[in-house]
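The following pair of complexes shares a single chain, subunit A, combined with subunit B in the former and subunit C in the latter.
Right, the complex of A and B next:
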């Protein structure tokens, strides 16, 4: 028996592996294996038996060719989803950073305001979000998702936003900039709803900045503007990466591509094509993430 | 004299003097800034709260209110009829009870598994640790949606390593039950488990090693140390994760849809079919009136989480700030 006595570090190693073992088993079974299966499905023609079983026959790249050459929806839905993501992510990041800075100051009723701002996290369900969006439109006569006829009919009772927008058109602002801003403003409720967790991460980040840095900058006579760009911004920079990753993944989970893949699999029973949709969209989102994270990382300053 | 003058000019240049001089101006500036802040907070709060308030009040609308063009937000003849029908169709209390039981159990499992994995990564050395932790990050980045089809197939004919066939003589069909979600959560692959492992890992890494050393010297074993000492010290992370996990679990429709979980255990699924029920069973044909019933149903769905949130709000916000969610 004494021969098998383990050294302390060996013992700790085994305990460590025991601690992560449930997760490890799950990861291998539910992620590694299923990712492999997704790849396999996408390269095969699948016949589904009535018991739910299936038979694979190798079909090469046929599914991929079909998805890009013949499928009527895929390319369009994919580009729209990716484009929406690229547009929304910077807005969400800037908005949540702004709100986090606002909420990080001390003022009267801060606890109450925070309770309101974190409410969207609690109300983050498809059904609830849908109902709330509808309600907001009914109350404010929202401007973006309505058709022109409805908007003009509604304008008798609510503010005519179109009129105010037309005021800006005569300024020498390029149209796409104006469109972007109008789009951002009209989606403000979407952006607010989507940025709950990001605000939390930014607030935690702001709290972790050592106050001595601010003290020094005040003594050296820096203005608030300088303090923000020289201290606050570089210090939260690493968390911008975290937030970008979170936002992109979250946006992807809600995007129409996912719905398309779901419908293809469970309404049309075309498992192969659905797998192609999932794989291609995940790869593209992953690529987008890598590019963005690399770009930010180059400019990131790490404190320690 | 010359020396004194030199000191005076130095003093005038120093920022401290500047502060004193602009004291009056600064007060006005400060007031303007806080006004600005107030306006912005008011605006954002309006965008968040207005639809919620609208939803709640519209659920009290009677038919006359819904058709009257003069009624805005506040009903003139409030009625509880919407709630009565919604509660009947949702079978509210039993369904809510089962949903809560389901979500709370999953949250507890998730807490245990994710904190264990997070602790394992934070405190122990083992081979391939870096690679395995990269896998956790990959889990956060790759959504479950990518692998939903193989998951469906896996649980449609559930037979891991041929074990089930050994016992029952064939694979079992777990569709329409809650088992798939329990199994996945218990193996650390539940709803956003990757994120929770990450949060726990960050927090445990931030705790001083001396706590464990003291426990070890006093003769506590690893598991005792973990359950009785480390988990208690990690309270902020525990609270953060449980609130997130509970809320996401409660609101989730994805797993419910994928694994065909029956409406008895998922309130959100019942609410989704409420409008059809009102239309076909109660013969309410006007969509705008149907919408009022749906509003009532959604208020009923939100209510438990909002109450819980209001009770835990202060603790939750504090915990999030200290939970090292950012590392």
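Right, the complex of A and C next:
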């Protein structure tokens, strides 16, 4: 009897491996190897061989020491990137959940409205951004420097932001809260454009909630508020994690640290140092992500 | 009959009370409209510019809306297409192979791998999962050199495979599918297993139909990724290059090609939007068909 069960579980393991292997092979080849090679590069000095290709010579931790002790930008840029991420991610999550709930209701032409919120992602393709900038230049001609002046004049004349800030500070609102709010308001357009994918993930999550749950709650006489907190929110919770991960990944890909690593590699041709930059920042963000995900996961409800 | 109407009327009144007030709704939709207008503006510009005759494109002060719409930009584009070195249909074929191949392969392979990760226990599961998250963060822009080395080491440089194969095993799809599959009730799979279904059968006729919103979302996402790919790093033969590349070349023509470039931008933007609309409307249909009951 015992032997039979063993073969059974072994059989299941083989099926599992069969399911996973096509993906795993590609993953190992294209992504794990990339990670590994970057680690290797970060520990060595790279010279381009005269015969073509490259040669590695082991340099120990030299690149790391240079990055933290001598490089003028790295630490500063890394801190800014991480801080920006901490500010943006919660805002993007809240905004996209809010929009997804609104767009999940029945109204005429909602497919189009959803498409509108996905537009920034579509218009973000290289070819389109390039064409759009060109068209803008053609349409406005030499107007762009002037428009900046107009914008700064407008912001200084209409509302005195400094007055409100000092007012709230005198009311003993902690300064970091104010900083956060000011930061959030000045980033509204960034946040809206960055939340396209998160919105459709949340919509998919809302769509997979069994309608019978809502039916029951309605029969029991729950209010909209109760329905949200007792049904929608717990059911969407796992996808808050999904979206946190996606948002962090996406924000990181656009962060100044990645730009710095790119410039170091392709403008300064210092590939070893660039590998250090990307490795250190990836590991730091990864660590941050794992802590956050663990924290949310504890409070998550799984439907089983 | 009359009583039924009365009941329904009474029910509707009650329902209205349960929901948010009219003023609140108006405020919310007002907010949405403001957000929406900002996002739609570039698209409005793209559409209008594509329809503008050449003198209106350069008009100063600029106007957003077109006065005398023409299709001349599109006819110019077709004339230009006939003159290209490689037949234009070839570019379209390339894009179709790369985009559809990358998208379908990724959706299927990632879903297959996500099923054991979400619903079965095996050693090394967590480590694998953290690797996936880490790999997603490893930005493409920074790892170009290792990627290139690997691609040329595999000998698939200058083929479609150089673009399609890495896309298949990208971490994002696995992650997304796993998150959605985890939410399916275990009892659903259990009952299928008791009824004698093989894992393969469970996957195709239980799991996949129930996570349809997830894989449609993934398809949208991946389509967008592959569609925006110019493939300039790996593809060197002109006959293999995708549509985006040739269109970028037309756009690079500068002032002389301004009208054609506007038409090109319209086409590049229109295809993913259409795909999005199709997928989104079928996401909505699943709501009624997924019969999960506890």
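As a convention for this text, the second predicted complex is superposed on the first by the 218 of 304 C-alpha atoms of A that agree within 3 Å, B and C clash if a C-alpha of one lies under 4 Å from a C-alpha of the other, contacts with A are read in each partner's own complex, and residues count from 1 in each chain.
Note that a contact is a pair of C-beta atoms (placed from the backbone, for glycine too) under 8 Å apart; a residue touches a chain by one contact, two chains touch by 3 or more.
What you see is a predicted model, and the numbers here were worked out from it, not measured in a lab.
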(request) Return first, second, both or neither, reflecting whether A:61 touches subunit B, subunit C, both chains, or no partner chain. (result) neither
(message) Per the contact definition in the header, classify A:185: touching subunit B only (first), subunit C only (second), both, or neither.
(response) neither
(message) For A:133 in the superposed arrangement: first (subunit B), second (subunit C), both or neither?
(response) first
(message) One more residue to check, A:173. First (subunit B), second (subunit C), both or neither?
(response) neither
(message) Is A:13 touching anything from subunit B or subunit C once the two structures are fitted on A? First, second, both or neither.
(response) both
(message) Tell me the contact category for A:35 with respect to subunit B and subunit C: first, second, both or neither.
(response) both
(request) Applying the touch criterion given at the start, work out whether A:212 contacts subunit B, subunit C, both or neither, answering first, second, both or neither. (result) second
(request) Using the superposition described at the top, list the residues of subunit A that contact subunit B and also contact subunit C. (result) 12-13, 15-16, 19-20, 22-27, 29-31, 33-35, 37-38, 41, 99, 102, 111, 113-128, 131-132, 134-135, 138-140, 189, 192, 200-201, 203-205, 207-208, 218, 239, 242, 245, 249, 252-253, 258, 261-262, 265, 271, 274, 278, 282, 286, 289
(message) Under the definition above, what is the set of subunit C residues touching subunit A in their complex?
(response) 18-20, 28-29, 32, 35-36, 38-40, 42-43, 45-46, 49, 57-58, 60, 62, 109-110, 112-113, 115-117, 120, 122, 130-147, 149-150, 154, 165-166, 168-172, 174-176, 179-180, 182-187, 199-200, 203, 210-211, 213-214, 216-217, 220-221, 224, 227-228, 230, 244, 247-248, 251, 254-255, 258, 261-262, 264-265, 268-269, 272-273, 276-277, 280-281, 283-284, 286-287, 290, 292-294
(request) Provide the residue numbers of subunit A that touch subunit B in the complex, in ascending order. (result) 9, 12-13, 15-20, 22-27, 29-31, 33-35, 37-38, 41, 51-54, 99, 102, 105, 107, 111, 113-128, 131-136, 138-140, 157, 188-189, 192, 200-201, 203-205, 207-208, 218-221, 239, 242, 245, 249, 252-253, 258, 261-262, 265-266, 271, 274-275, 278-279, 282, 286, 289
(message) Using the touch definition from the top, list the residues of subunit A that touch subunit C in their complex.
(response) 12-13, 15-16, 19-20, 22-27, 29-35, 37-38, 41, 99, 102, 111-128, 130-132, 134-135, 138-141, 189, 192-193, 197, 200-201, 203-205, 207-208, 210-212, 218, 223-224, 235, 238-239, 241-242, 245-246, 248-249, 252-253, 258, 261-262, 265, 271, 274, 277-278, 282-283, 285-286, 289-290, 302-304
(message) List the residues on subunit B that touch subunit A in their complex, please.
(response) 15, 18, 34, 37, 40-41, 44-45, 47-52, 54-55, 58, 69, 73, 113-114, 116-117, 119-121, 123-127, 132, 135-136, 138-143, 145-154, 156-157, 160, 173, 175, 184, 186-189, 193, 197, 222, 226, 244, 247-248, 250-253, 257, 268, 271-272, 291, 294-295, 298, 301-302, 305-306, 309-310, 313-314, 316-317, 320-321, 323-326
